[in-house]
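Next, two complexes with chain A in common: one pairs it with chain B, the other with chain C.
Entry: the complex of A and B
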């Protein structure tokens, strides 16, 4: 397999076939919490792509060059990764507030929420310490693969979130039984949406 | 009624993290494919919740307000690491099923939420009661959901490889319950049912 198609498959696998929201159930809190308005969903998706890329790069580097050589990876990876993400988010927020007020206004308020967004921790753990998702590869990611994988995960997150938000806006005016109105109906809609993703399972042997 | 009993019951009913507050959903929907795994997940969450609540309540007077969130997260991450290593060492098959969900307990909103909303402002004993109540409320819904999904979705309940409960022969299980869409749809109906129940009891009280 050529290099390019290898990366393409990694991207498609992470974004669509193993979609983090609808087939892995990761980050559902944000999925139901902020899918009320299109504006918020787009802002959050952009912020997640941005933070996830930085977080995964950092955790990959820390895992490879700090935790593994010191022989403490197994014991310290959870506190180390979550602290890296929390610190990173804080720095990004401070930097944006000072140097790019426009960007800060559009995605600044989502940044603190991202610290506890499980998708970031999940992707950051997966690229540094693979094997949790039982993907085809059992070896360690190279830095290039880690970046492509993370990009795939975060784009898949944004895609599913925005699609779901669009569905929910319609749902508000749809006639549904009273007990199902609101949250229960959103769950059922999410179920139907994830049913579509089941159809993708098995493509390209991923 | 004793104060701690009231706090404990809060977590089970009127402040149930899953059906009322709607937090900690990710783990619930993902793990609830088998009763066995859910039971262990429930125990892991109760352990982390009670321990982190205890420690945070103990030190609530010395934790500075500005850096409390990082401190909470480090405390929680420490207990999650204990669970992670313990399960990997003593229950490898279950660890293989739960996988990423054990490290992800760190960012489970229930635990940080209780630390911030309850343990930081209350005494140690009350915080322990709150941890047990919230953890048990979470576990009951989780295991209940897992029971419905495993029993009706695969036709039997398995515990360490032996079936303890079986559907009559000839039952064709709807596999969708075991897959991810089934979890969403079933949970939607459970929430609707709970809401219908509470609305009905409220209407009765009013009448």
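Entry: the complex of A and C
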């Protein structure tokens, strides 16, 4: 398999087939919490792409060059990654505030909120321990694979969030039966959207 | 065993130290110079970050006031005294605060018919997501007291009818209850001028017949108040009596004539109005204008 198609498959696998929201059901709190308006959904998606790429790169470096050589990675990865992600987001926030006030304002409240978003930790974990959620063999991503994989996860997150927001905005003006108005209808919609993603399972043997 | 414990402690500690050092350097290096005026305005504000004005923090309000996007009176909780200090700092002379209080436009409570039995989370915001709320009336007070829990000034209490009674003396008009109420946007709770003498205890706009099937206390749009009002201050608009507080003189005629006891006297802001809530013309101390008029004739 050529290098390019390997990366393409990695990306599609992370973004669509193993979509973090609709196939693996991680970070559902933000999925329901901020899908009320397109404006916030786009802001959150952009911030997640940004933070996830930064966080996964850093955690990959720490994993490969600190935790694995010391032999403590197996039980220390979660506290270490949480520490790294929290510090990193703080750092990025300070940096943006100084050098890019426009970006800082547009990301607004989402940047600090992402500190505790489980999708970021899930992507970092997956990068360190590929196939963790499938309990597969020990294998280490290269830095290139890690970046492509993380990009796939975050783009998949944004795509699912924006699609769901669009549906919810339409539903707000649709004649929904009174008994299903509000949250019940959102859950049904999310379930149907998830079913659509399940249709992709098994493509390319992913 | 001991070695791996030491390794783990060492690894995590060194990560922590590195992160702390990085953040300390960043805090110094990326320090943003703040306008001293913003800082002085921020210190004049209460600094409680209560959120009553709708902004995320007092500092954000200070920035907006200095930038000119918010008026000197932006701080709701601070009221007149804070507005004067802020106006002095930014050199503005418009610091007249229009005092408001929160009122409830519903007299339903236990008189409102339930659409279904609800046994879930005791929260108005929660239950209003279930089939449009537990009441047949889609505008009335649900009565689980989200407003009461949100009120930072303890001005709201639930009474025997299961309705929140707002103490006009304690209410600062911050509007948090209005935002917290799932029906605040359809003015179940509303901010009114401090001096508002009367209040209509209903906010429904559907057909009066259907409305009355769901609640015995509602406004039935009979227009008696509109006809009798000497100041032309109350009108039935969209099947609901609405008071024009610019014109209202507080004579109490509408309170006397309302067949539903749906209009209440708000007395004044110096006396707690809790005793008159929901009683309409039967409120203690209220002298019916119509009754005295007919006697004198």
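We take it that the second predicted complex is superposed on the first by the 202 of 206 C-alpha atoms of A that agree within 3 Å, B and C clash if a C-alpha of one lies under 4 Å from a C-alpha of the other, contacts with A are read in each partner's own complex, and residues count from 1 in each chain.
Criterion: contacts are C-beta pairs under 8 Å (C-beta built on N, C-alpha and C of every residue); 3 or more make two chains touch, one makes a residue touch a chain.
From a predicted model like this one, the values you see are computed outputs, not experimental measurements.
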Which superposed partner A:62 touches (first chain B, second chain C, both, neither): second
Chain B versus chain C as contact partner of A:83, first or second or both or neither: both
Chain B versus chain C as contact partner of A:47, first or second or both or neither: neither
Residues of chain A touched, compared between chain B and chain C (which is higher): B
Touching partner for A:10 - first (chain B), second (chain C), both, neither: neither
First, second, both or neither for A:151, with chain B first and chain C second: neither
Contacts of A:75 with chain B and chain C, given as first, second, both or neither: both
Which superposed partner A:183 touches (first chain B, second chain C, both, neither): both
Touching both chain C and chain B, counted on chain A across the two superposed complexes: 75-76, 79, 83, 179-180, 183-184
Residue numbers on chain C that touch chain A, as the complex places them: 4, 7-8, 10-12, 15-16, 19-20, 22-23, 26-27, 29-32, 56, 128-132
Residues of chain B touching chain A in the complex: 22-27, 29-30, 69-70, 73-74, 77-78, 80-81, 84-85, 99-100, 103-104, 106-109, 112, 179-185, 187-189, 191-193, 195-196, 199
Chain A residues within the chain B interface of the complex: 22-29, 32, 74-79, 82-83, 86, 115-118, 121-122, 125-126, 132-134, 177, 179-180, 183-188, 190-192, 194-195, 197-198
Chain A to chain C touching residues, read off their complex: 62, 66-67, 70-72, 75-76, 79-80, 83-84, 87, 90-91, 94-95, 97-99, 109, 178-184
